[in-house]
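Dropping the structures in below, format is structure tokens.
Next come two complexes, and both contain subunit A; in the first it sits with subunit B, in the second with subunit C.
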Partner chain A sequence: MGRHLAGKVFGKCGKGAVWLVLVLMAVIVCFPVAFVVSGAFSAQWELEQNLGPVLGSAEGMARWSLLPLAPAFQSLVELLMDSPQFFVMFWNSVKISLSILAGQMIFGIPAAWGLARFSFPGKGIVQMIYLVLMLMPFQVLMLPEYIILNGMGLLDTHLAVILPAVFSTFPVFIMQRFFHGVPEAVLEAARIDGAGNFQIFCSIGVPLGLPGILSSGLLGFLESWNMIEQPQTFLKTKALWPLSLFLPEIGLEEAGMGFAASLMMLVPALLLFLCGQEYLEQGIAAAAVKE
Partner chain B sequence: MGKKKKLMRITALFFAFIFSFTVLSRASWQYGTAVVNVSRPENRMISHRVVSTGKVVQNQELAVVTEPDQRVTAICVKEGQQVKKGDLLFEIEMKLLDEKILSQQQEMEKQKLQVQDARSQKEVSAMQKADQQAQAAENYALNTESASVRLARARRQLSEARKKLKDFRKSSGTKPQDSGVEEALENAFQEKQEAYLQAARELAQLQWQIEKAVDDAKTQAQTGSARAGLELNDTVHTGMREGSADGLLEDMTPEVSAGSGQNGRAGELLPSAGQKAGEVSSIGAGWEESRDQLPESSVSALAAAPEDALLEDTTPELSGESGWQDTEGQTQGNMQADISGIGSAQTDIPGTDSIQMGNPASDNVQPGEGSWDDDVLLEDDSSEGDGQLGGTGQTDGSQGGGGGTEAPSENQNGSTNSLTQAQLEEVEKEVRADWQSRLDAAQSRVDQALQEKEAAQAALASYQQERLAAADSQEAQTEQQLVEAVQTANDAYVDASLAANEVSVTSGRAVASSGIPDASNSSDRMNEITYEQMELELGKLEELKASRGKVYAPVDGMITKINITTGEKTSDTTAILMADLEKGFRFVAEITREQEKYIGTGDLVTLTSGNKKMTLEEQEVTAVRASEEQEDIYEVTVELPADSFDIGTAVTMEFEKKSSAYPCCIPLSALHLDEKNQTYVLVTDEYQSVMGTELRARKVSVKVLEQNESYAALEEGSLTSQQQVITRSDRTVEEQSRVRIQK
Partner chain C sequence: MRRRRNSLAGLLFLLPDFIGVLFFALLPFFQAVVRSFQSAVTARWVGLKNYRDVLGNSAFRLAAGNTMKFTAVCIPLLVLLSLAAAVCIQRVRLGKAALKGAFLLPMAVPAASVVLVWKVLFHSNGLINGSLQRFGMEKIAWMSSDAAFWVLVISYLWKNLGYDMILWLAGLAGISPEIYEAARVDGAGEWKCFTKITLPNLKPSLYTITVLSFLNSFKVFREAWLVAGDYPHQSMYLLQHLYNNWFRELSFDRIAATAVLNGGVVFLLILFLQRAWDTEV
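This part shows the complex of A and B:
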């Protein structure tokens, strides 16, 4: 009994310690978000005082207070009312992200279905190529992409950013995993019932692989929403820039607006994350599971 | 599921929120963008338009004046009225005018009497002056004569003493060698004495010359040209013959030098004296005769003289000397005759005079002593001759002197520029300074000659004493007494000779002083002038009376100002001022300094009357000059043709001056001035931004070459022809301001 009690107490203590560590880690992880939120509601002079040693020429160490000394909506109002550039870039980001998502759906879903459900000669090589390409960072692909886009006359257009992302291998890889999980019996039954391949894909494959498609979409959205290198490399015209390039343009004098912009930028990603949280988790898990 | 829907709704709201703020921020952005008008630099001319309003005024104003202190009874015109030549302007009261005329006539009569009084006074003064001069001349003659008498007496006494000594020696039989030594000593003494007297005479002559030079200088300084004055003025002093102290003195000068000549020089000097006499202009008949007789007269004078016996012993030099003396005397007499106008009678008088003077001296002269005596005599006479310079020949001389010295006073009367006493003294000082060195030299010569004479005299006396001491005591004593008597007489003679010199100089100075002119007196002429002025004034009054006190317009014109009032008296200023219409009109307008830069004489302007009824084009500007009353204001004058605008009409002048073409001209509204007073313009530049292609303003410093009220010409190269310059904006535009071009 005593042993049981001791075990119980130890179990409770261990649980408490775990909690403590987790909370601590959560706080550390969440700190940047809190940093952004408090910065967005701070007055410009306070930001300059605190961040001057880092961003400006002031002496001493940078400071930060979780609650601003002089809370103000000035930065947010300035961003919303006086910065049409922000909105231009916001909508550019929306346009790019949605276009990429749409492209990935159109080209990625059939590709993933084909690779998951059909056998054909060279399938292994294709899968290998997909895998290799997925692992390659943007810096490796940047030059070939630039040359190709320049050859196609697509530089300095949104398509220069959208098209490479549309044909990204990562969503195919995620969705292939989900489509692969569709039972073969169901497909056989459909075939017996006289359904063709396209009908099977549309009526059985897509609905059954929807979680995969959604998780792929969410991951794709987050990636394209935060994309920096591609637009910076392929877009010269500022009017075409996505929101991710808004912040690099901001200095210490507009730090408040930078924080407000970060907050606004955070919102759509956060909302989408909350909406598709379970699909996202499934997607990340699917990517992590080894066959 | 409900949570998902809620999240979806939130997402939708978020996007709606973003969309709405997109719209709002864009609206705000556009609101913050300045709307501007732009233009490109263009090639054009900068024209300057000068517009000014002025008035038409008359070219010439005419002042109508009348006699002062006249009562105005009626004024028949009013200001602004146009009148014709001969129109009645105003009338004055006749009664007052008559009184004024009468009063003026009475005043003139008084003035006339004053003129007569002044003339009479002047004549009396002149006569007094003449009398004064005649007196001085007479005194001179008397003084010199008495000195001559004393000199003659001393000479005679000396001759007697010598004769006695000679006789005694003859009777006592003095040894030849003794007499030879003593004679040599005596000769040496005589030479020294002669030299001393000569030096003394020269000194006296020099003093006389100095006095004469001083008088000359003063007279010249005071009269300017004495002779000119003489010729001009011969009316005041009647009975005075022409002649001048100058002439007299000039003539005297050579005589002095001639008189001072030694025995051997007498012959040489004679012709010069004659020649001098010959230069005198109006020479009487007597002079002619005497000149012809000059050689003979010297001889006849000698022959006629009772002392001829004495002179027989004298050397030829002596006779020549004597002859010269006579001739000199005649010459002077002739000159005096010329001056005084007396004629031939005087020619004899100097000769006689010299003979007379010679007579006492030669009476007792012993033949053996003639040489010494005559020397002295002749010297004496020549010094007498000096004395005659001022008025030789006594009576005649005094007349001549009177005539001669009167002349300067006439000059003085004719001259108006008399000098002050201080200036005259200054002149005198200068002249005396010029002569001072010669005077000092003459004085030193006199001193030296005196010392030498005294030494010679002492040597002679010592020899004589030694000789007499060795001789027989009785005879020696007698001879000693005789020698002493001779010495005493000699001393007396020397003293008399020096005294004669002094008298000559002193009296001559008195004569010259009396010749100095009196202060000028122009009162008679001044009174005459006053009378003439009154006469003119009366003429004007009578003219006014003749027109029955009515004053008429002298020309066609317009009355611009009336200074008289009915019932009041007139003043000596303008009664009525009128514009002379016959002389035309001109347009006068005021312009600013800025406008003055563009309009000048000869430019053609357009003139428009205030009511725009009449326009005159291409009227030439006749003058542009700075206003005397206002700073930075200029007056433009345009001569108007006849029958154009009326006097007083307000007229607008317009003128446009075009510059040469400038390649870079912008509207003046595009030009700005910064805080450093530098001109700049704002041009639009295209920028690529997040918002697309946007326009921003940029400052460009420029240099303005020329500008008018609309355009400014910029230095070439300031702007390109493609650049858009902001000419107008709906708000303040600064460097890097966003702008939007209004279409």
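This part shows the complex of A and C:
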């Protein structure tokens, strides 16, 4: 009896300790985000004071306060009011990401439906090709894509970044797994009522596969918003650059502006993440289990 | 008749996307394979010369070696850490969703938006060295010594821990609770349940997660480039740096050969992944 009780107490303490460790880890993981937020709301003088040793203007070590001594909107206001360059880059990022998303939906949704619900000769090979391309790192496809874009005269235009990403096979893979889960009986019933293939796709497939479409859209947006290698390789003109290439050019000397711009880059991704965390998890898990 | 009409419909759904894939990825890749056997400027047939050049190139050896070393260190670390996190988080009741969200958050954070943070953290007078000093330890030259490699490792773990944790949780959710109940009735303790039930049942997930983690490890270049630019300390010089530098020199012949080699390795791994999926019932 005594041993049983001891075990219970020990178990409770163990659970509490595990919980504490998890919370501590979670705080560390989230720290960089908190860092950006506090940096964006700090005044330039406070940043310079804290970061002096890193900038080489002061002795000692850099410091950081997660709650700024004097919260200020100065950097954000300056960024949003007086830096037309920032707006160009921000708009480029929005344009590129949304175009990619739209293209992935237009081409990817029907393709995923076709692969999930029909059988036709060569389907196995097509699926293998899609899987392999989905998992290939960009570096392998960098030269091939460059060759074709060059041939089409698209280099140094936004289309050079958009088109290859539209035909990324990742969204098809995710959506296919969700379309697979639509019960055959529902489709059969619609067929008996005389609905055609296209009608079934629009009125049953898309609504029932919506979680998959959302998962894929969310993962796709995060990926294209974060794109670095592709614009770096295919865009020469600075005026065409997305925000992700502009940010690394800001040194710590302009920390105020830099953190404000970082925050602006972070906010759209974070908002989508917070609204769609559930779909994001489903999308990730879709790769872990066999269809 | 109906079956044939149906298969035609399936093809029609697929076709627009497939044409794009063919045009923007598959055919150009085969063109690159052809190029890997030609000289860059004159497109003369040179056999295996490009491959010999690449394999004998010191920058390639450095990059490939670093990439391999990085994988060998990171993947076991990530897989174990994320498994531990998943097993722990599965039992937590208080704030489970928030904890999952916190671990997953880095996935949504664009690498470019934390460059400044990384610079402040890893500078020789930065925050991490500041804390080290406070505990009476030596400063570490994070960006200009072999420690740069560990900056990459930390970045990779930070970015991928939550992602892998979700994959493990999906695997854990697939184990039926009845097995555990039966084992408990037979008097098995927590640890025994873990080693005799949980681990064997997670074996298929292990393959998937390892391969996916490997493929995600190529993306760590972003962090490396963002904090250290085109010519980082040699301990974090990765394959993507090599591609970029050769790209600037327009040595397409060598890039083509490297891409074929690199693609071949990835393809082999994908075959492993496929087998893992096939054995998973």
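Rule of thumb we're sticking to: the second predicted complex is superposed on the first by the 250 of 291 C-alpha atoms of A that agree within 3 Å, B and C clash if a C-alpha of one lies under 4 Å from a C-alpha of the other, contacts with A are read in each partner's own complex, and residues count from 1 in each chain.
Everything that follows uses one rule, which is that a residue touches a chain if its C-beta (ideal position, glycine included) is under 8 Å from a C-beta of that chain, and two chains touch if they have at least 3 such contacts.
This is a predicted model, so every value here is computed, not measured.
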item	value
Fit or clash between subunit C and subunit B when superposed on subunit A	fit
Partner chain(s) touched by A:T237 [first = subunit B, second = subunit C, both, neither]	first
Partner chain(s) touched by A:W91 [first = subunit B, second = subunit C, both, neither]	first
Touched partner set for A:L272, first subunit B, second subunit C, both or neither	both
Touched partner set for A:S83, first subunit B, second subunit C, both or neither	first
Touching partner for A:F179 - first (subunit B), second (subunit C), both, neither	neither
Superposed model, subunit A: greater residue contact from subunit B or subunit C	C
Contacts of A:W225 with subunit B and subunit C, given as first, second, both or neither	second
Minimal inter-chain CA distance - subunit C and subunit B, angstrom	16
Where subunit A meets both subunit C and subunit B, residue numbers	272, 274
Subunit C to subunit A touching residues, read off their complex	6-14, 16-18, 20-21, 23-29, 31-32, 35, 85, 88-89, 91-92, 94-95, 97-120, 123, 125-127, 129-130, 133, 158, 161-163, 166-167, 169-171, 174, 205, 208-209, 211-212, 215, 218-219, 221-222, 225-226, 229, 239-240, 243-244, 247, 252, 255-256, 259, 262-263, 266-267, 269-270, 273-274, 277, 280-281
Touching residues on subunit A, where the partner in the complex is subunit C	15, 18-19, 21-23, 25-27, 29-30, 32-33, 35-36, 39, 51, 53-54, 60-64, 107-108, 110-111, 113-115, 117-121, 123, 126, 128-133, 135-148, 163-164, 166-167, 169, 172, 197, 201, 222, 225-226, 228-229, 232-233, 243-245, 247-248, 250, 252, 255, 258-259, 262-263, 265-266, 269-270, 272-274, 277, 280-281, 284-285, 287-290
Interfacial residue positions of subunit A with respect to subunit B in the complex	80-91, 94, 237-239, 241, 264, 267-268, 271-272, 274-275
Residues of subunit B that touch subunit A when the two form their complex	4, 7-8, 10-11, 14-15, 18, 21-22, 24-26, 28-29, 32, 688-692
